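Everything on this sheet refers to the single structure shown next.
Order of writing sets the chain letters: A, B, C and D. Residues in each chain are counted from 1.
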Amino acid sequence: MTTATKDMLATYPADLGGVDREKLTECIDACVACAQACTACADACLSEGMVGELTKCIRTNMDCADVCDTTASVLSRHTGYDANVTRAVLQACATTCKACADECGSHAGTHEHCRICAEACRNCERACNELIASLG
Amino acid sequence: MTTATKDMLATYPADLGGVDREKLTECIDACVACAQACTACADACLSEGMVGELTKCIRTNMDCADVCDTTASVLSRHTGYDANVTRAVLQACATTCKACADECGSHAGTHEHCRICAEACRNCERACNELIASLG
Amino acid sequence: MTTATKDMLATYPADLGGVDREKLTECIDACVACAQACTACADACLSEGMVGELTKCIRTNMDCADVCDTTASVLSRHTGYDANVTRAVLQACATTCKACADECGSHAGTHEHCRICAEACRNCERACNELIASLG
Amino acid sequence: MTTATKDMLATYPADLGGVDREKLTECIDACVACAQACTACADACLSEGMVGELTKCIRTNMDCADVCDTTASVLSRHTGYDANVTRAVLQACATTCKACADECGSHAGTHEHCRICAEACRNCERACNELIASLG
């Protein structure tokens, strides 16, 4: 799959204020991919015979999908940039991705969907933390 | 309008872990109302003749709508509760609501939609902060 | 709870094109309330001992929450109105609310959260259909 | 960017009911990419000097982002599949993508972000229509 994230960023008609474009692009794409993986993992968990043991996993997946979707949207906007909002949203996203990576990770040996989803969450957590660090 | 927030909370079949139900209900409803007000305010700003002076307001409204929607969803889930996630999401919501309240507030004398929206944002910021405080 | 839906609509600075304001306000508020009820019902179902028998209900609740959220947002915008988009989104919302009302309704005798949620879905389905009819 | 859409689909533990996996994967990824492009295009339009002439474009972008996000989520769930819901949501998505492709397309000669976004919308419209057709 190819998103237009990088190309859209290149056409933004105003100043981007010195943001690290590569880290920003990576973070948006990581959020977008993580949201999809979490939505699919919640649903896959629902269809496991042992669904009763996966309820915390399903819930965390749903939170993570919502938070990643919102973070991708906030990061895709540059007009009227507010560093406090960006930082707080990225922090919430890193925290939620870590929680979901830990939870899905604990089922990774049993459920392949949890293993793949945990990887998407770790990747998104890392991308958020790197973007936060680059914001100075 | 009447949401079923309070009634749904009362029917939750497991332990709610000592959360302040009144503050939780208030916060969910404040998020839901703030998201709607921000979406409507962004659109009203778009139709003002002076839209060029309201671009930061429109952007902040869109962020605030997204963050409030996500916060309402996270707070409406109790299964597999994770205090770190709840706190980080509430913090991001309070920060975003404050930013939007400040921005809309600066246009409140000129645009009635900004005045009403700023009020919804202030109310949501307060509800988030009170819920954070009650989490201990 | 009080949303600012009606007040925000009253401050819209341009022409609303003859829409039935009362039906529009009712529909937005019904979507907003239904989305919250469905998110809470999905979570309540997750914490039932018989979660294995509620997986279709949880999934339908998640779809309905997403569709109602989107519908509330589309209906809260009036600038650059497109009747085809509004109608298609309302149709999808009515269809999804009916599906969720039927599914939750089938558990209404056993689970109070499903009974309340089915009511919110029926109310939203009706509001969508009435708004569609009023669009002419 | 690489989503885990295809890999997650491959790990779904229950029956997928004869859906065309390739068309489903393409449609989910097209929705996800279109939502990001539309959010970015709305924001780029906001920063154009001629924003007053782009208000319909901004609004349509916001609708399209919301509808594509919801469609991606609905399509990422397979448990308790309901053909009526899937079809209605896909129809709303195709209609909204067409509206946004037309609107952004009309500015494609002036604004490169509108050109790229129109392409993402056309791609998503096509993927929705092909998936609808494959549902039989």
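Going forward, a contact is a pair of C-beta atoms (placed from the backbone, for glycine too) under 8 Å apart; a residue touches a chain by one contact, two chains touch by 3 or more.
What you see is a predicted model; the values in this text were computed from it and never measured.
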item	value
Contacts common to chain C and chain D (chain labels)	A, B
Most distant chain from chain A by Cα centroid	C
A-C or A-B, whichever has more C-beta pairs in contact	A-B
Equivalent interface positions on chain B and chain C, same or different at half	same
Length of the line joining the C-alpha centres of chain A and chain C, rounded to whole Å	27
Whole-Å gap separating chain A and chain B, where each centre is the average of the chain's CA atoms	21
Residues of chain D whose C-beta touches two or more other chains	43, 46-47, 55, 58-59, 62, 69, 73, 77, 79
Of all residues in chain A, those that touch chain B in their complex	55-60, 62-63, 66-67, 69-70, 73-74, 77, 79-80, 82, 84-85, 88-89, 91-92, 95-96, 99, 103
For the chain C and chain B complex, residues of the former touching the latter	1-5, 7-9, 11-14, 28-29, 32-33, 35-37, 39-41, 43-44, 46-48, 65, 69, 72-73, 76-79, 111-113, 116-117, 119-120
Chain A partner contacts - residues on chain C that touch it in the complex	42-43, 46-47, 49, 51-52, 55, 58-59, 62
